[in-house]
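Two complexes are shown next, each including subunit A; its partner changes from subunit B in the first to subunit C in the second.
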Partner chain A sequence: MRLEKCWFCSSTVYPGHGIQFVRNDAKIFRFCRSKCHKNFKMKRNPRKVKWTKAYRRLHGKDMTQDSTFEFERKRNRPERYDRNLAENTLKAIKKIDKVRSNREAKHIEKRMKVKKSKERREAAKELEQSIHLVKPPSVLAQDPSLTLPKIKVKVSQQQTEENHAMEE
Partner chain B sequence: MIQSQTHLNVADNSGARELMCIRIIGTSNRRYAHIGDVIVAVIKEAAPNSPLERSEVIRAVIVRTCKELKRDNGMIIRYDDNAAVVIDQEGNPKGTRIL
Partner chain C sequence: MVQYNFKKITVVPSGKDFIDIILSRTQRQTPTVVHKGYAISRLRQFYMRKVKYTQQNFHEKLSTIIEEFPRLDDIHPFYGDLLHVLYNKDHYKLALGQVNTARNLISKIAKDYVKLLKYGDSLYRCKSLKVAALGRMCTVIKRIGPSLAYLEQIRQHMARLPSIDPNTRTILICGYPNVGKSSFINKITRADVDVQPYAFTTKSLFVGHTDYKYLRYQVIDTPGILDRPFEDRNIIEMCSITALAHLRAAVLFFLDISGSCGYSIAQQAALFHSIKSLFMNKPLIIVCNKTDLQPLEGISEEDKKLVLEMKAEAMKTVIGQGGEPTNGDGVLLTMSTLTEEGVIAVKNAACERLLDQRVELKMKSKKINDCLNRFHVAIPKPRDQKERPPCIPQSVLEAKAKQAAQMAEKEKRKTEKDLEDENGGAGVYSANLRKNYILANDEWKDDVLPEILDGHNVYDFIDPDILQRLEELEEEEGMRQAEEENEDFKMDGEELTPEEQAALAEIRKKKSLLIREHRMKKSTAESRPTVPRKFDKDRKFTTERMGRQLSALGLDPSLAINRARGRSLSRRGRKRERSLDKGDNDAGDAMDMDVDQQNKKLRIRSRSRSRSKSRPPGEVAPGEGFKDSAQKVKALKLAKKSVKKRNKDARRGEADRVIPSLKPKHLFSGKRSIGKTQRR
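Now for the complex of A and B:
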C-alpha cells in the first residue's frame, strides 16, 4: 500500500480513491478526485490553476524550502521489518507533521503581516490629509490632535415609564 | 468496452497494425469486452512483409481499454487507447515482443 500524490493538486491519494491514467508513453498520472481528472482532460496547467499546490508553491504563497520536506522523499527500497524502526517512524511522522504545519502557518502569517502595517500607514496618511472633512479648522487650531472631540449627549429620564402595550 | 466494429491497435510485433473486433468469445450475446477478454478480429491494416495479411480473421486478447478497469483493491486504471495482442487458438501470442 502506498500513499500517492495527485498529479494535479498534489494532495495525497489514499487507496481506493481516484483514477490512474496511463498514457501511451507509460507515464502514470494519478488523480485524487474527478475534479483534478477533469481539469487534466481539459489540458489545464496546474501551475496556472489557483487552488493547486503547484501554483501556491510557484507564487510563494506556501513554503517551498524546508528541512521537514526531506523526510518525505519517495523510497523504492523496501525496508526489512523491524518493530522498533516501525514504532519510531510512526512517532516521527506525527511530530514532523506538527512541525511542518506550524512552519507553514508561520510562513502564511508572515506573508499576511505586511498588510496590517501597510493599512496603518495608509490610515495615518489619510487622517493627516483629510481631517478637515470631519473636524473644522477652527477646532483643529485649538486642539491639534487628529482625534474628534468627545461630545456628551443628555438622555431624557423617561425610562421609568413602563410600556404596558406589549405585555400579555 | 470493446464491441463489434471497434478498431483496436495491436500491441505486439506480430505484423498486424489495426484490428476490427467481430465477436466476443465467451457467453453468447455478450455486449462488451474488457481487458483480458478474447475477441475474434479481422486485420484491417498490416505491416508490409509480415506473416499476417489484411482481412485475415484471427483471435486477440485485449490489453488496453479507454474504459476504466476496476480492480478489487479499489484501484481504477484508464489507458489512452484500445489495444490487443494477437493470439492463436490455444492462447499463445503470435508475436515475440509486447509493446
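Now for the complex of A and C:
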C-alpha cells in the first residue's frame, strides 16, 4: 500500500480514492479526485492552474529546494528489517515533518513581509506628497510635522476660570 | 481409389416434376414473344429453338441420372453384391435402361419435328408442331415415371449405406442373432448400435472404427444369421453373407455360451459348420460371449466337444510363423460384454491376427520388394559369448541416484500443505509466511511495521544512516533559526505614528471623495446643464461653508469670509441701501456698474422683504436652467406625472379591446419555398 501523489495537484492520494489512467505508452497518471481528472482531460497544464502545487512551486509561492526533501525518496531495493532502524525512522519522520513545515511557513512569511515594507514606504510617500489636502502650506510652515492641523476652538475666558476652580 | 460414397448422386425427380421443371425452364430461357407479322424464317427459328432447347435439357438431365448411378459391374464386388442383395440387380438395370431409351426417344422426336418445322408455313402451323413435339416428349417421360420413382428410392437408400472401405483392415463380427455382436461393437468403437432383446435388432451393416498399434481398423457389425439353406435366406441375412464373402477381414464368430439368445450351442455350432466355407483365408477367432452368465468351464461335455471342434476348424486358418500354430489361445477366447472382461483381449487378438496376415500377404506379393530395403533392421550376429550390456557413464548413474534420494526425501519432509491439513484445512489455518525470514534478531520476525505515517510512506524514509542525517538537519535548523532572529530586528524602522496615520487616513478619505464626485459629475455630464457658478441652486458656494472648510484646515476664516461678503453682489446692494458701516475693506469700485443695473429689481424686493417670501411656482428663478415660466410649468407637470404610481392592475383598457387580425393572411396561406407545410 502506498500513498501516491496526484499528477495534477500534487496532493496525496490515499488508498481507495481517485482514478488512475494508464496511457498507451505505459505512463501512469494518478488523480486524487474528479476535479483533477477532468482538468487533465481538458488538457490543462498544471503549471498554469493557480491552485496546484506545480504552479506554486514554479512561481516561487512555495518552498522548492530544501534538504528535508532529500529524506523522502522512493527506494526500489527493500532494506532488511531492523527493529532499531524502524523505530528511529518512525521518530525521524515526525521531526522531519516539523522542520519542513516550519521552513515552509518561514518561506511564506518572508514572501509576505516584502509587501509590508513596500506598503509602509508608499504610505510615507503619499503622506508627504498629499499633506496639502488636509494641511495648508502656511500651517505646514509653522508646524512642520505631517499630522492633522490643530483646530483652534474659541472658548470664553469665564469658563476656563470656572474649570480651574472645579479641578482643584 | 473411388470413395464408396453414394451420397453425391443428384436427386431424381418424379415424372411430373421432371416435366414441370423442363417445360418451365424452356418457357423462361427462350424468347416468348412472337407475332403473326414476323418473317416466316423468324417464326420457324423461334419454334425450332424451343423444341431443341427442351430436347437438350431432357438429354442433359437423363444423362446425369444414368452416369451418376453406379454400374454394378464396375464397382467392388462387395458393393455390387450388396446392392444386388438390397435392390435386385435386374430391376436396377432395367430402370436405368428405361431411362436411357427415354433419352434416345426424346432425341429422335426432337430431330423429326425440327425437320418438319423447317417447312412450316404459318405461325399456327409452327406452333402446333412445337406443341406436338413437346407433348410427345412429355409422354415419354410420363411413361418412365415409375422407373424414376424407383431410382429415387434406391438413391435415398444408397445414400444411407455405411461407408465401408473394402480394402482396408476390417474386422467382421458374425453369429446368431442376440449373441452380443452389437454390444461388442459398441464397447470397442464409438458406434452406437441399437441393442435390444429381440432378434434382428440390427437390420443392416454398421461400421465402427477402432485403433490398435497406431492403425485404424474398421469393425463391421452384421445382422444375425440363422441356420437355413442358402436360398431361403432373407435380405437382411444376405447382407451379412455378402460381407463375409467379399471382405478380406478377420472374422469374429460369436458364440453365446449361456444360451440366453434362444439358441443352443449345438445350433450355433451347426451354423458355424454351414458357413465355414466363407471363412476361407480369413483369420478366424471364436469368441465365447456372455461368460458372466455361464463360464466356459461350466458347459456340458457335448457342448464342450462341439466348441473344441470349432476351435479345431479355426486353427486351420491360423497362419503361424513356422508351420504349426504357436498359440492356440488366439483362436478361442472368452469374454463378457456386460462386465467388460476380455473385450480388449479379443479386440487385440483379432487385430493382431489380421495384421499378421496382411503383412504376410504383402511380403509375398511383388510390390513389397520395392520397399523392402527401407525397413530392414540389421542385428549383428553375436560373435562370442561375451556379455555386452549398454554403457552408462558414472556421472549419469550418480545423478540418477541423487534424484532418487531426493524423491525419497521429499516424501519424508513435512510440507506446508501437510501442516495446513493438520491444523484444520484451507479455510481455518493460515500459514505464517514470515517463518523463514532471515533477520539479525529472530524476535523481530513478527513485527508489524506501519506502511503509512502522517501522510508519508514509511518505506520512503528508511535509510541506514537516517540518524546521522537527522542530526545534521537539526544542527542546520538551529543555525537557521539564529540567523532569522538577527534579521528580524532590521525591519521595524518605518512605522508611522498614530497621528501620521490619522493624517494619512484623512488624506485618503478626501481623495476618495474627490474621485467619487468627479465620477458622478462625469457620468451625468451629458444630461446635466452647464450652469455658471453665480446661479448656485444647491447653495454650495456660501461663506459659511468656506469658513468651515478653512477652519478644518487650521486657518482662520474670518478674514476670508469678510472679503467674500464684501465682494458679493446681493449683499453689496443691501449694504448700499442701509449703511457703509459693516467693515468693508474692499474698494468695491469695479462693481458699481453692475450694482446700478441690478438696483431696481433688488430695491423692489428688498422693500417688501420684512419677511422672506417664497417664489410662486410658475416663476423662473435665475439659475434654474429654464427658458421661461411656461417651460418651468411644463417641467413641473412632467415631474408630478412621473411620480404617480403606475396602474399595474392589468385591467383591459382601450388598447386591449381590438383584435386587429384573427387570421393574418400571410400566416395561413402560401407555399413554402422549401420544406413541408404541415403546421401553421
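The working rule: the second predicted complex is superposed on the first by the 148 of 168 C-alpha atoms of A that agree within 3 Å, B and C clash if a C-alpha of one lies under 4 Å from a C-alpha of the other, contacts with A are read in each partner's own complex, and residues count from 1 in each chain.
Simple rule for what comes next: a residue touches a chain if its C-beta (ideal position, glycine included) is under 8 Å from a C-beta of that chain, and two chains touch if they have at least 3 such contacts.
This structure is a prediction, so every number in the text was calculated from the model and none was measured.
Trainee: Which of the two partners, first being subunit B and second being subunit C, lies in contact with A:114: first, second, both, or neither?
Mentor: Neither subunit B nor subunit C is touched by A:114.
Trainee: Contacts for A:17 in the overlay, against subunit B (first) and subunit C (second): which applies, first, second, both or neither?
Mentor: first
Trainee: Between subunit B (first) and subunit C (second), which, if any, makes contact with A:155: first, second, both or neither?
Mentor: A:155 sits against neither subunit B nor subunit C.
Trainee: Quick one: is A:88 in contact with subunit B, with subunit C, with both, or with neither? Answer first, second, both or neither.
Mentor: A:88: touches subunit C, not subunit B.
Trainee: In the overlay, work out which of subunit B or subunit C sits against more residues of subunit A.
Mentor: C
Trainee: Just checking: does A:67 make contact with subunit B only, subunit C only, both, or neither of them? Give me first, second, both or neither.
Mentor: second
Trainee: Which residues of subunit B touch subunit A in the complex?
Mentor: 64, 68, 73-81
Trainee: Considering the complex alone, what residue numbers of subunit A touch subunit C?
Mentor: 1-3, 12, 67-68, 70-75, 78-83, 85-86, 88-90, 92-97, 99, 102-103, 106, 113, 117, 120-121, 123-124, 126-127, 130-131, 133-136, 138-139, 145-152
Trainee: Note which residues of subunit A are touching subunit B in the complex, please.
Mentor: Its residues touching subunit B are 15-24.
Trainee: Which residues, counting only subunit C, touch subunit A once they are in their complex?
Mentor: Residue list for subunit C touching subunit A: 437-441, 444, 447, 449-464, 466-467, 469-470, 473-474, 476-477, 480, 484, 491, 494-497, 499-500, 502-504, 506-508, 510-511, 551-556.
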